[in-house]
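I have a structure I would like to understand better, so I am pasting it below and will then ask my questions one at a time.
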Amino acid sequence: MTIAFNHPLNPDVEIPHYAPQGNECALFEHAWTRQLPILLKGPTGCGKTRFVQHMAARLGLPLSTVACHDDLTAADLTGRYLLKGGETVWMDGPLTKAVRDGGICYLDEIVEARKDVTVVLHPLTDDRRILPLERTGEVLEAGPGFMVVVSYNPGYQNLMKALKPSTRQRFVSIEFDFLPREREIATVSLESGLAEARVAPLVELARRLRVLKGQDLEEGVSTRLLIYCASLIDAGLPAIDAVRAAIIEPLTDEPDVKAALVEVARAAIG
Amino acid sequence: MTIAFNHPLNPDVEIPHYAPQGNECALFEHAWTRQLPILLKGPTGCGKTRFVQHMAARLGLPLSTVACHDDLTAADLTGRYLLKGGETVWMDGPLTKAVRDGGICYLDEIVEARKDVTVVLHPLTDDRRILPLERTGEVLEAGPGFMVVVSYNPGYQNLMKALKPSTRQRFVSIEFDFLPREREIATVSLESGLAEARVAPLVELARRLRVLKGQDLEEGVSTRLLIYCASLIDAGLPAIDAVRAAIIEPLTDEPDVKAALVEVARAAIG
Amino acid sequence: MTIAFNHPLNPDVEIPHYAPQGNECALFEHAWTRQLPILLKGPTGCGKTRFVQHMAARLGLPLSTVACHDDLTAADLTGRYLLKGGETVWMDGPLTKAVRDGGICYLDEIVEARKDVTVVLHPLTDDRRILPLERTGEVLEAGPGFMVVVSYNPGYQNLMKALKPSTRQRFVSIEFDFLPREREIATVSLESGLAEARVAPLVELARRLRVLKGQDLEEGVSTRLLIYCASLIDAGLPAIDAVRAAIIEPLTDEPDVKAALVEVARAAIG
Amino acid sequence: MTIAFNHPLNPDVEIPHYAPQGNECALFEHAWTRQLPILLKGPTGCGKTRFVQHMAARLGLPLSTVACHDDLTAADLTGRYLLKGGETVWMDGPLTKAVRDGGICYLDEIVEARKDVTVVLHPLTDDRRILPLERTGEVLEAGPGFMVVVSYNPGYQNLMKALKPSTRQRFVSIEFDFLPREREIATVSLESGLAEARVAPLVELARRLRVLKGQDLEEGVSTRLLIYCASLIDAGLPAIDAVRAAIIEPLTDEPDVKAALVEVARAAIG
Amino acid sequence: MTIAFNHPLNPDVEIPHYAPQGNECALFEHAWTRQLPILLKGPTGCGKTRFVQHMAARLGLPLSTVACHDDLTAADLTGRYLLKGGETVWMDGPLTKAVRDGGICYLDEIVEARKDVTVVLHPLTDDRRILPLERTGEVLEAGPGFMVVVSYNPGYQNLMKALKPSTRQRFVSIEFDFLPREREIATVSLESGLAEARVAPLVELARRLRVLKGQDLEEGVSTRLLIYCASLIDAGLPAIDAVRAAIIEPLTDEPDVKAALVEVARAAIG
Amino acid sequence: MTIAFNHPLNPDVEIPHYAPQGNECALFEHAWTRQLPILLKGPTGCGKTRFVQHMAARLGLPLSTVACHDDLTAADLTGRYLLKGGETVWMDGPLTKAVRDGGICYLDEIVEARKDVTVVLHPLTDDRRILPLERTGEVLEAGPGFMVVVSYNPGYQNLMKALKPSTRQRFVSIEFDFLPREREIATVSLESGLAEARVAPLVELARRLRVLKGQDLEEGVSTRLLIYCASLIDAGLPAIDAVRAAIIEPLTDEPDVKAALVEVARAAIG
């Protein structure tokens, strides 16, 4: 059972491979069949986005992804009027397009979005499954081929930006965590090209550092950073330099913490 | 007496069924006859929106629903000028359309709206029943076929966002709560397809968790989540997995609270 | 002496009746004769808006009412440029229209407006009586037929939003309060159709609850709510249900306070 | 020596009369001759605006007045591009017009303005006397016929909104206060039509209340309110009613303070 | 050695005279030769702007001055698209114009500007000397004839608005202070027309008051205010009245402080 | 091994020279080969921008630099619709252009950018390497010739503006510091034209002052300021004057700190 990321140097692989951590694929499929929206929770770089890509491909659904942020407006999702040839012409946003044509609309880091964005999801994520477009006067009904998926990272969720219960209680929720040791070694090796034996101490190091989350480190080392690190080693960079550039520097700016992490790293990777 | 939600997999049912918790249907009809606006109060997912859909259908009235939020402007309700063929052309918003054509205009979660939105309701919700459109210079008079309904959830009402007395005192108010045990079992069974005997422990679990509201949980389990959960079980997911995905994860991110809830759940659903 | 609201079901009555609480009609007429602007102070639903409608009709003046709020701009009052046929065309706002054509411009809840709105009133409310329109370059002089009336509710006046002395000291001010018992009974009976004998305990209840303002209740029961309540009783709803829907629920969300009020209500209406 | 306000009912008087409190007319004329800008300081309703009107008329200068506020932009003063016939056309604001054509530009309550407004005055109020218009690329030189006058009220000057020294030190400053007793009696009598003997106790009352500023009252009674009050008495309203409507209610909303002021008023006006 | 301000009444003098306080002219010329940007620091009204005018004229460079403030945008400096004949046409801002044509671009009170304004200077004030215009897609290279000068007043520098080190470390910095006594007397006499003997006690007074900066006074008396004061005396105003209007009132609103300053002034000017 | 800045007076040198502090060139090249994005950390003026210029030239890649700030929007990076000939025409921003055409897009001081800007980078900096343009409906795939580089200065990183872990963990990170003594002397001498013997005490001084960072000084002296200082000395300014203008005044406004630094400087440069 493996998580197969696209090899960064080989963009020709078209269907993203993914091996379930647990029952998440079955859960996603049942939710899809029952037309229930899904919320993915978990730390950065643990594979949430990849999972959605995988399921979309597996179910043969078009996928449109929107990274949420403070300045994203509801109109960015639903559409807006543009001026063409002296006329104002309506242009669908990615959510409206997905409702009209079917497919998964994936809102990454939904908790960063403003309330007008989350609220626009409400009538789409209860049994009404409609998208009212106040500005065009339309009320779109989502067909059975439409699904909403959202994600957020409870780890550094801002107090000012919690999801309201009236939003949370509209989604079936799946929690993600980092991969178990052996699977993470296999994944990092596959993605980076570095032999498993040389990847193993990197994963061991990452697992030690993840324990420090919430103490000296704001967030644990992601699988993504491990792949970066192993890629640099595979390319010929000394292991300790790769660890520093791809693991330690991305985690902290504190000189004391960095010095301590370098010690831990030296011990781990010999 | 049952609340009949549309089965999520059967979008052909056109008239939403609803069985009153108490006198709310009579109250709504009297308010309608006397042209009084209505405020619905109650927790998320307890059926407020469905009730409005039901009453609108029963009274044969068109219904337009607006989910309120921070960035909704009065112009989103009343209308705005658009550029067409080099001319600025006025386009009615949903509230203006309802005033002109009759029907119910339902503002969901009114407490989230900005003051320009609530204030635009004032002349429509006293004996004047007018809608002045400053930007077109019109003053529309609402006919007897027009009604305003608003809702909010006192449970997590933000201190910064209380309804002003001058707004509240314009509405006849109806309080909603969760269904009594037997009715909730019947409803969840009907909506999910899962047998009542298998739904009963889920409802029992929900009733226990609702007691924790305000302590460990921000909000109680909604009937909607129970239907999600029962649907997943009916689709073949193990009960404990369904409870976790559709009840526990949507309620909290705290590992300790989640662990405790899983214990409660295991005891409840055997 | 009675306050005759338009019966909600009878929109044909054209001139709003009003019986003065005290000297307010004489005061309004003197201010009108001397071209002095007026500020109305008082709790929500006590008849300020009706008073202005009454005086406007009595003096044969057109009345334009603007409900103020945070997002109302000076341009909403004075006017703005619109695009028509490729030209920007100026369109008067309600204040400018009233200055040009004469009549009363009534700004409801002025304290909610932004400063650019209140400041635009300054040159109109001293002996200059002019309205400079920076954007068109005009300086309009108000004729003797123009009058400014503003209102606010000192009861829940926000600390952040007090009227500046330089604004307050431009207005003759009239304070409003709830009607005396007998007049309120007569008014509610007339408006709702319910016999005075059945209205009397409702008014008695309201008077008891008004004493709680500032303690358990943010604001007292308005005459408007009493009319709502009596209307529902007249339509056939049990009195205690009508009191709950039209008086208690609009006043508070606190379960304890609601329970106490129900007790008071039961005692009052037998 | 008298301040002669225009009688509110007689708009035909064209040149506003003003009698100097001290050396302010000489000071204004010297500043005008030497091309120095002026800052007027003083409480609301003490005659600052009238003084500017008077001096402008006396020096034969056109006067354009801008009431400052939070939402006034530099472009409101300097000008903006408008769309006319498909072209963007520049339209001068009141400040730019005054620089081009000469005359006094009077910015009332400058302290309320945003910094972009005050900063736009800087090159006009030092020896450069220029107005750079970034948006048109012009640099206008003010001729000897141009003068800037600004005012503010130090009494309720907001801590967040002090004038910066770099702005203050560009103006010759004149402080205003209320008129001495005899002059104020004469002025109020002249403006209202009420005999001096009946005005005298009103002025006496005002002088007693002004002592309370900063304690029970935010601001003292203005001469403007005294004229309102005397006008209402002259129109036939009982004196105590006029005092309440034109003096006490405009000063405070506090029931206790109002009751105390009514006592003081009864004693003062017998 | 004198600072010769333009006489306010004689706008025909074209080249602003300036006599250096120290080595600032040499420093400016060396920086110009080496293409280094300059930051001028010093209190309000001490001659920073005049110095830049002087140096620009001396080096034969066109000078464009921008007074910075909160609402100045990068587009105000760099340029924007305007609509002309149905086309959007780019119009250079003053900074872009200076980069294209050469000359000094002087940003007065840079610390008041928003970060997008200061950041736009970064690539112009290191060895790249380029101005990238994201909106047109151009990257302008500044020729040797282009120079950036900025100023700020450390005296009342807002904590919220310090210059970032990455901005400060791009400028050669020159500190300004008030003129020594004899030079200030000569300058004020020259500018105002008042004899040096009568100017001397004014300068003496100013020097005493400058010591109070940071205690009772927010900022010291500027040379500009002394010139205002001497001009008014020269025009015939009594000395104590001129001191009050041109020195004391511009410095403070506090009655106690004003009374104390009047005492000091009476002693100083006899 | 030297860092060769372009001589400020000689803009003809086209390829910026750079000598690595450590393994940063190798690291950059490996990251480039493996298509990993890079984050540069380090104090102001230490050569980060120069390093990117150098690597871009060495790899033969076009470089587009964007200085980030509070008011930079995602649209400034990705592009926007403009009006041309009555049509809205899409214009690519610098990021979109780099994705389409290949090359390095360098975002300087990324931590100053708003979240919509950092979030736009997310799908470009994981294995997807895509840029979705919501407004045009395109999803651009970055070819192997595209690279993202960002920088920030941890020294004065604002608490409100930390990079989120989900952003940081997308970049290989390289830390920069000031040059070692001998290399810095060589570089400053080369850039300024001043002999190494005369540069040595300046570098010595800088190294002493850098120790004060975080105590009396917000940030250490940059190599850039040393080059400014040496250039002024080379141009003939006395050394102590050059140190004051190019080192001390740019570092602080505090009179006490400045006096102390002057003492240190006199001791250092004899």
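The chains carry the letters A, B, C, D, E and F, assigned in the order they are written, with residues numbered from 1 in each.
Throughout what follows, a residue touches a chain if its C-beta (ideal position, glycine included) is under 8 Å from a C-beta of that chain, and two chains touch if they have at least 3 such contacts.
This structure is a prediction, so every number in the text was calculated from the model and none was measured.
Hopping across touching chains, the smallest step count from chain D to chain E is 1. When the CA atoms of chain D are superposed on chain F, the rotation angle comes to 120 degrees (nearest 5). Relative to the C-alpha centre of chain F, the farthest chain centre belongs to C. Among the remaining chains, the Cα-based centre furthest from that of chain A is the centre of D. In terms of their C-alpha centroids, the spacing between chain E and chain F amounts to 30 Å. Chain A and chain E, compared by their mean Cα positions, are separated by 52 Å.
Multi-chain contact residues of chain A (touching two or more other chains): 83, 86. With chains as nodes and touching pairs as edges, the resulting graph is a single ring in which every chain has exactly two contacts. The ring of touching chains, read from chain C in the direction of chain D, comes out as C, D, E, F, A, B. The touching residues of chain F, counted against chain E in their complex, run 5-6, 8-9, 11, 44-45, 49, 64-72, 76, 82-86, 91, 93-94, 97, 108-109, 112, 153, 155-156, 218-219, 221-222, 224-225, 228, 231-232, 235-237, 241, 245-246, 249-251, 253. Of all residues in chain B, only 23, 26-27, 30-31, 33-36, 39, 41, 73-74, 81, 83, 86-88, 114-116, 118-120, 122-123, 126-129, 132, 134-135, 137, 141, 144, 154, 157, 164-166, 168-175 touch chain C in the complex they form.
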